[in-house]
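My questions will all concern the structure given below.
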Amino acid sequence: MTLNIEDLQQIARIEKSKKDGFQHRINVCLAAGCLSCGSGLIKEALEKEVTRRGLDSWCKITGVGCLGLCAEGPLLSLPTSGSYYQGVQVSDVPEILDSLNGSPVARLVCPAETPFFQRQVRIVTENCGRIDPERIEEYIAEDGYAGLYQALTQMTPQEIIDQVSGSGLRGRGGAGYPTGLKWMSMAKAMGSTKFIICNGDEGDPGAFMDRSVLESDPHRVIEGMVIAGYATGANQGFIYVRAEYPLAVKRLRLALSQAERMGMIGNNIFNTSFHFNLQVRLGAGAFVCGEETALIASIEGRMGRPRPRPPFPVEFGLWDHPTMINNVETLANIAPIIRRGSQWFAGIGTEKSKGTKVFALAGKVVNTGLIEIPMGTSLRDIVFAIGGGIPQGGRFKAVQTGGPSGGCIPEQFLDMPVDYDSLAQVGSIMGSGGMIVMDASSCMVDVARFFMEFCMSESCGKCVPCRVGTRQIYDILGKITASRATMAEFTMLEDLCDLIKNTSLCGLGQSAPNPVLTTLKYFRDEYLAHIHDRQCLAGACKKAEEVL
Amino acid sequence: MAKISLATIWLDGCSGCHMSFLDMDERFLDLAGQVDILFSPLVDNKVFPDHVDVTLVEGAVSNDSDKKNIAIIRQQSTIVVAFGDCAITANVPGMRNRYPVEAVLQRAYIENAAPPQQRSNGQPSKEGISFHTVPQLARMARPIHECIPVDFFLPGCPPPPRAILYLLTEILAGRTPQMHGWTRFGA
Amino acid sequence: MKQHPPKKVRSDLNPSRLLTFKIDDRDVTAHEDETILSVARQNNIIIPTLCHLDGLSERGACRLCIVEVRGSTKLLPACVTFPRQDMEIITNSKRVINYRKKILELLFTERNHVCSVCVANGHCELQNLAVELGVDHVRYPYLYPRHDVDASHSRFCIDHNRCVLCLRCVRVCDEIEGAHTWDIMGRGMTSKVITDLNQPWGTSETCTGCGKCVQVCPTGALTEKGKSVAEMSKRRQFLPYLQMMRGRQGGSWQK
């Protein structure tokens, strides 16, 4: 079956009128966060209660994707009245239904006028929490696949690449390579078989942006991939997701089968001559498989270990064919760019970093959860306005961005705009978007040790500096936190960081010392206090004597 | 030329490096004219002298006594040379580091004792291992440069006599010995 | 094992260009598909290597062959990097020599390399590298991991204490012998070469007992039984010959 634009519009119309037919709608967050605190049961209870009261045609209960404020789950939203409920229990269900026509249940209301909701600009997550991710019709009703239709029927591949280049979109996986350039070199790559891979191997501790997008709006990623395939001449795509995201995988597979049935993937998409096939591939949860050459090896069925670049995957990738790898969030930006034009996208953000970025806000901050903000928002706004500040009146100490490859940014840079270049300037990276806030009770040496432990156990073991060097660094950090280290070992620590940074094989190895390097730069006194005075300034570390 | 004072000592080692030292044969006579050996297993002095110009340290730091001695050596010597693989890499003494001290002692002094010391129940006993008279074994045998700063390294198991002579000749001449090509680990 | 970087097939339709560039201020000429390492060796410029072995695919993993390129701070592994026209390569700057020493020292700390009691003493590439690079002691603390010895094979023996994870055994078994008995399991420091699905070597059904792995092993990890200290010397001259005779080119069997 192949659809044309009228069919799409028809589906959207029907879906919208169906929605409008209900006096009230209640959206229950069914993303992993809320699901784990029982939102599934709440949805069930709501549905039962509605049926029991015979209100089926009056009130519609929908399971939706992530509403963002994961800290206060389970979350409900009432799009008809615009209010949110937080921390809902099954016992609250009758009360919620009772109040639909009156004023909302006061004790459950989650204030929607707060900066957390007001300051966000939603592009990637525009449908998150608004549509049922398990129904393609709802995605179509929100202009879904209109971008793909437009791209396939009205644009040449070059025009699409121009749009993407013009939008200034940069890779959201971490390094920030301009997406347009990547697409351009892929389009130019020689070869009749080309592959596109969506990198959903989100391995950073504390990061869950890709998971939320895949769980809440999987069709958006599929649409982005098909457009990418058309623009670059690829006919086969793989979505590489970690097996630890079972819900994302389930919804993605469901979405794929729906899209296939409607002809959004397969042969002669929208009656054009363009074919595109998509498959889901599961990763076994190795951090290193987020590195593109290791990811390729993993899809090929080999051990997930990186290989030296060049040659880059764009010339020599999956099964030796040209292969382009884009992050989930990057691909999720494509459809809106095609639909609304590059100028619109380029109007958001800063001069060199366009658009928005999704962050997983976590750590010592009041509002932990998923946020999407324009590039260039200051760290202070993110932590204090959107994040609601430090809980229990604690003092802000640092924010860690970019996961184990990123760095810790101290208080003095709070007013720095968050974009690729500013973060790189202070020694961190944008990364995939994990953001961990730390307060005065965190010892920065201990934080560095945590990340180094991660890098050590996730090192693939291929190259010597990363395999052995991370272990040696971890040992030294362990000694420092136990107040047993000497200055000689401290010098050795800096020396090892330099070695790993300069001689490791892949990007992950080269960036593995970043958490140590940034804490050394901004919190050197904490290291020295452990060594000279044998004490932890934050009071977090135990001395060796106490441990024994 | 004024004579320099020399000390040699062995910690946890097999004395092979000292044998190699003696293997300098007739070249030893020339050397004797230039150095005073103040302290060594080869001479009769029992106390480490207050000041020595050069000390050759054979063996790894492996027990209480070694730890004490190595600190004294560093304090009272101008130049400390790590003499042989045990001092540099912990070598053979370090092979026990993979196992807990108790397991090592059990293996060495109980299980492999001839005849094996048995308890009445037939299990090997721990009796007989006492640290009242011998120094307590450290958890690990360590290279000496992990305990004190070391000036020169003379690898080899043992270092060949000509390498030892070269090192001493260079030190005597006030030059920095370039050991490259003279010896290697496990030589 | 996949061949990286890919080798182009030289033909009339796809001729390879000749490039001129500099290695250590010496003017050299080479085909564009020759690695920096191979060009350097042809010109008697020594770059230390460990995982590289003529006749096997490249891995680029030991990082000992890193070289500097004038005008760039990035260090490149010579074994997998192709030259560019007018490139100025420096193989022996203080910077790379220091890094190589440190990498080698890390290797020494990783497992239990006790040269004096090793069967390969005197015939060991790791030991020779220490001499070559002037490593007379190791600055980092030794890690003393516990590793096994598998002596279940009737003629050979593997001592994981001496393994440097260069994976030459894995490559030679797959690429030359074609058996793929060896492989690697685990990650990071816990990586380990295994026979078949991590079963004792002696019980391996795929092992042909050819012994190529033993010959290519740079250290005393893979040895013949019955050899005592310093007796295990290795012969590797068969390798380029076998590779040629078995018609393997560009990392895939030519049919």
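Letters A, B and C mark the chains in the order given here, with residues in each chain numbered from 1 onward.
Simple rule for what comes next: a residue touches a chain if its C-beta (ideal position, glycine included) is under 8 Å from a C-beta of that chain, and two chains touch if they have at least 3 such contacts.
Given the structure is predicted, the values throughout are model-derived calculations rather than measurements.
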Arrangement of touching chains [line / ring / star / complete / other]: line
Of all other chains, the one whose Cα centre sits farthest from chain A: B
Cα-centroid distance, chain A relative to chain C, in whole angstrom: 39
Rounded Å distance, chain B centre to chain C centre (Cα mean): 35
Whole-Å separation of chain centres (CA-atom averages), chain A against chain B: 58
Touching two or more other chains - residue numbers and ranges from chain C: 139, 141
Overlap residues in chain B, where contacts from two or more other chains coincide: none
Chain A residues touching chain C - in the complex, by the definition given at the top: 286, 288, 302-303, 307-308, 310-311, 316, 320, 456-465, 467-472, 475, 492, 495-496, 499, 502-505
Complex contact set, residues of chain C against chain A: 2, 4-6, 59-63, 66, 75, 77, 80-81, 99, 102-103, 106-107, 109-110, 139-141, 143, 165, 184, 186-191
Residue ranges of chain C in contact with chain B within the complex: 108, 112, 114-118, 121-122, 127-128, 130-131, 134, 136-139, 141-142, 144-146
Parts of chain B lying in touch with chain C, wherever the complex brings them together: 82, 85, 88-92, 94-95, 97-99, 140, 143, 145-146, 150, 153-155, 157, 179-181, 184-186
